[in-house]
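Note that the chains take the letters A, B, C and D in the order they are written out, and that residue 1 is the start of every chain.
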Amino acid sequence: MNTYGRIFRVHVFGESHGERVGVLLDGVPAGIPLSVDDFRADLQRRKPGASGTTPRKESDEPVLRSGIFQGKTTGAPLLIEFLNENIRSKDYAHLQEHPRPGHADFTARHKYGGFADYRGGGHFSGRLTLALVAAGVVAKKICNPIHIQAQLITAGGNPNIEEAVAKAIHDHDSIGGVVACSAQGLPIGLGEPFFDSLESMISHAIFAIPAIKGIEFGSGFQAAAMRGSEHNDALIAADGTTASNYAGGINGGISNGNELHFRAAVKPTSSIGKTQESFQFAQQSVQPLEVAGRHDVCIALRVPVVVEAVTALVLADALLIAQQRSPIHHEKN
Amino acid sequence: MNTYGRIFRVHVFGESHGERVGVLLDGVPAGIPLSVDDFRADLQRRKPGASGTTPRKESDEPVLRSGIFQGKTTGAPLLIEFLNENIRSKDYAHLQEHPRPGHADFTARHKYGGFADYRGGGHFSGRLTLALVAAGVVAKKICNPIHIQAQLITAGGNPNIEEAVAKAIHDHDSIGGVVACSAQGLPIGLGEPFFDSLESMISHAIFAIPAIKGIEFGSGFQAAAMRGSEHNDALIAADGTTASNYAGGINGGISNGNELHFRAAVKPTSSIGKTQESFQFAQQSVQPLEVAGRHDVCIALRVPVVVEAVTALVLADALLIAQQRSPIHHEKN
Amino acid sequence: MNTYGRIFRVHVFGESHGERVGVLLDGVPAGIPLSVDDFRADLQRRKPGASGTTPRKESDEPVLRSGIFQGKTTGAPLLIEFLNENIRSKDYAHLQEHPRPGHADFTARHKYGGFADYRGGGHFSGRLTLALVAAGVVAKKICNPIHIQAQLITAGGNPNIEEAVAKAIHDHDSIGGVVACSAQGLPIGLGEPFFDSLESMISHAIFAIPAIKGIEFGSGFQAAAMRGSEHNDALIAADGTTASNYAGGINGGISNGNELHFRAAVKPTSSIGKTQESFQFAQQSVQPLEVAGRHDVCIALRVPVVVEAVTALVLADALLIAQQRSPIHHEKN
Amino acid sequence: MNTYGRIFRVHVFGESHGERVGVLLDGVPAGIPLSVDDFRADLQRRKPGASGTTPRKESDEPVLRSGIFQGKTTGAPLLIEFLNENIRSKDYAHLQEHPRPGHADFTARHKYGGFADYRGGGHFSGRLTLALVAAGVVAKKICNPIHIQAQLITAGGNPNIEEAVAKAIHDHDSIGGVVACSAQGLPIGLGEPFFDSLESMISHAIFAIPAIKGIEFGSGFQAAAMRGSEHNDALIAADGTTASNYAGGINGGISNGNELHFRAAVKPTSSIGKTQESFQFAQQSVQPLEVAGRHDVCIALRVPVVVEAVTALVLADALLIAQQRSPIHHEKN
């Protein structure tokens, strides 16, 4: 299912080396001012360009195809598309029989019986995060004035990010990283007990981002080594303010009005310059594999804005749902 | 939403000190032999009793109310209920105005306008995990022959679990822990790209368990410090076997036929013997708070079977969905 | 799927001659006063007793098992159960091999591989409408002050209902009928274009009632014989009032503020006193069949309150959804 | 919600006088051969051209944007788009303040706060049925070898369709009609008890088509005037064959293997050549209204292929779901 959301619904589509990628948004409230300019800042943050990012060049110009009229959303489905311009299909033809380690080549081949578009990962490509970022731009408007901010805090295991990237480039290798995300201004009450806990929904969306290996809220894995007396956040005001924030802004699956805070682990890019080994189906044996194509050395550099985007998708949907879950005061039933 | 699943759907209900807790399962295939005896082993693993667990005693006897006939599931909704027998409502009356740190008392009060059942956490109570375990018993039958196994690997930050628990008891405090879960025998192809990635669905369900603070698959957070050349699992056989398993059994959101592996962090129990501080609404000031009730010192001791259960829910649903996503071979369209 | 709704969700369960039937309601707003007394009037309207209804006697006493505290809904899942007291399992044993015409015996047997509870129709029984009526009582409170009213307008093809029933009783036969339903007080804006049109959702729910064969809104099938100049309802006031109401209160799938109006056709009860013929599986041939059991001569007599109930389910969900689809006015985005 | 389906999901988008209309299909099985040629026959049946249809001329050429590779579906989301070429925005500018009777102008204006695209009905336009027909082409392939066939059986209340249309043209008026649809080759077992009964799902989808006022299955409204002894279809063979088919191929909400049969009523086109009256918001009074634009005299002429299409959507989804609801035979649980 390429869909997220109950009220504000996001459907992604497209392939890395197909004609286009995009997103169809349904349940967008009417009357939101929206133009292609609104997308530029976030799309720019996702773009390659910095040292350690792919040399593939795309204009990444969003086109609004439906659901918009006279500069505002109409309440009808909003279709946003991006053309793929810098396609090199030939780079990938041999991979159909020789799956790249760490990629979805093998699982996609099996799941879709050999019919999947294998070029550059096809539908599984990180290029689809372009659609996520575009959806996030709309979602952020719905979330307004909630402010969501994500950044890369370590790469290759240490906070000196540029240095770690430079070393990986030199070694023709790749590195991972950790992205921290926070959101201020959440109302109390987003999320629901059990299966739609705010952590459930955020983690669901975060793991839709390729290369994510873990997520932790507030104290996270450190909580496992803490004591209750230390970990419990004392409530110190009627508005829900707590003295500490080990909870990461969530109690019982529901936002408590403090800052939402979580971290996500990004694995090292699977495509690397070094020669690897993988099973070759035509020859029925393990063979050396060179992954040509164009790839990021540290994909984590481009992930923060994607993390912000999917967090916004979750919060936008939760906000719209929460509006009508407030108690009903029946005078005379 | 107290619901999980698209084809195999799980709906939990009940309160800690209400009349009962239970689960309604819809989409259960017909013909599965099922009796109350099938539940005993897993329910026993969830029961308190060991040192460090709550003194609340409940028989936890499942009653099958519908969807079963002549010892087998009928395909109709299966209702499983448990009576609450050991209820002490008085312990909690004062908490309505004095929320316990770390619990959902404050968020529930706010979200439900003061109408939530506050006794022992009400619907937010860990007692609801009884319903999850019961659902898991049915799900495991659907998953058969997939074998799911979870265990506590650290408590209070170290692997000497009994010792850590004893020390916490002595200190009238609580500790957290880490639960590791694995599953063997998954077919290749469970999960879908992006929003229904296997990680998305498992994390969604795992964060439905109270007290979970983080989840990581395969290499997890360690991946962020690794290099691609090290992290990439080399495919070494036509059946999908890889030389290492940093992926945790998933590529591109889809099971690759290797062992599924993840870990979840459990926070220290929020209820502790020590006196804490919290805002008192009637007095509009921070006041000392004694959390009487009955509570676990290390709830993580009882979490592994719950982790197995919700993992089984996810895999059962994914299995049922995957059956019809296999490619269609049209002879003459 | 025994579930209806996106925000206000209804899950029915149970069997005709099983232990109980009931409904689990999720997404119920908190703070709604609710007691068993609230159910009596609607349950009474569904009860047999009048001439032409089944002699099966049940107390139909609702029990609220969860989601209620101090007389009000809590926002947590609300479980309502009814015990089956007047069970006669033996009446149905032979039907497993000899399906009753007009019933689900054959389709259930096939779909569930012989594992379905065949006693009195099992899960397919009209007894499940008890759960629908109970859900409707809660839904009507959410819909307040919308007023929904349904009544039987013809039986056996004519408006003289008592006479038609008496004649069918005399003939050991059964008759159908037409139920008309209207609702006043709908806000403008319920429903959505295309797949969640108000007609889509209401018809979806109405056809969940056993024995319904057709539904028509406003002018209905008569529209097919009308001209546009006659059928178009002229808008005559700013509040949406129209001079006529052939639309039945809906334009473009969305409520227009006028009275909602539709009719549903109910087939004659499938169980009749006369001897019928049906294929006998053990003998592999068509054999005479006597349908003993206890049955209604005109089930349509008891359907109006069920029609009201499922209409309320739809309107309650649509109301909760519509609240957040109102346009957003962004001052300074 | 512009979405239908649980496993095979259909999302429509676009506006009558916007840039394009289309459909995003998710959950399409991989390996289905698909080309633009496959769409021609059905699109042609929907096209205007015959006497009584709109003079608006569109090439209606489908473009497959994603989810297709080397002539076959890949299992990834399939985007199908149609450009709008023959746009006349000016025709509609004044309607914003003067809603057309029978159309969604007033409800859309209210629901979306004046932000809806009002040109030619915007997103509410019958032009969106182009997307439904395209989705139906793919769905029919999934349904193969089920054969679905719909046709107009009456127009303006009588079977002499051409004559009725000619008379309506002469009178500058419009007429409705009745469409009958049948499907052969359904397996036994599609649909589920209660809320996902086959009638529930089909009616849900049929009422997504603009202008539909009623639906009836098998005997339909005639059933209300029949007796059980007459209406009950006698089962005469082990494969489910019945002597008559008043059930329309469905018992208990589940397909019984006989022909599926239903009829839908289509209202007369709301746009007519005659002068009408409607409330004018700027003047706050009822004023005469001329509906210029281009319109069909009998939209029912073009509806049969749309009815087939949405029926195919329902059956495709039900087929994919039914595959895994078959009973499980556990050897040694």
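The working rule: a contact is a pair of C-beta atoms (placed from the backbone, for glycine too) under 8 Å apart; a residue touches a chain by one contact, two chains touch by 3 or more.
Just so we're clear, the structure is a prediction, and the values are computed from it rather than from any experiment.
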Selected interface, C-D versus B-D, where C-beta contact pairs are more numerous: C-D
Identity of the chain that, by mean CA position, is farthest from chain B: D
Chain C-chain D separation of Cα centroids, rounded to whole Å: 24
Chain B and chain D: spacing of chain centres that average the CA atoms, whole Å: 43
Where chain C touches two or more other chains at once, by residue number: 1-3, 6, 12, 27, 30-31, 75-76, 111-113, 115, 123, 193, 325-327, 329
Touching residues on chain D, where the partner in the complex is chain A: 1-3, 9, 11-15, 18-22, 24, 26-27, 30-31, 65-67, 69, 72-79, 81, 111-113, 115-117, 122-123
Contact footprint of chain B on chain D as seen in their complex: 6-7, 27, 29-33, 75-76, 141-142, 144, 193, 319-321, 323-330, 333
List of chain B residues in touch with chain A within their complex: 1-4, 6, 10, 12, 99, 101-108, 110-115, 121, 123-124, 128, 154-158, 168, 171, 173-178, 188-189, 192-197, 199-201, 203-208, 210, 212-238, 240, 242, 246-248, 251-256, 265-272, 274, 276-279, 281, 284, 286, 300, 322, 325-327, 329
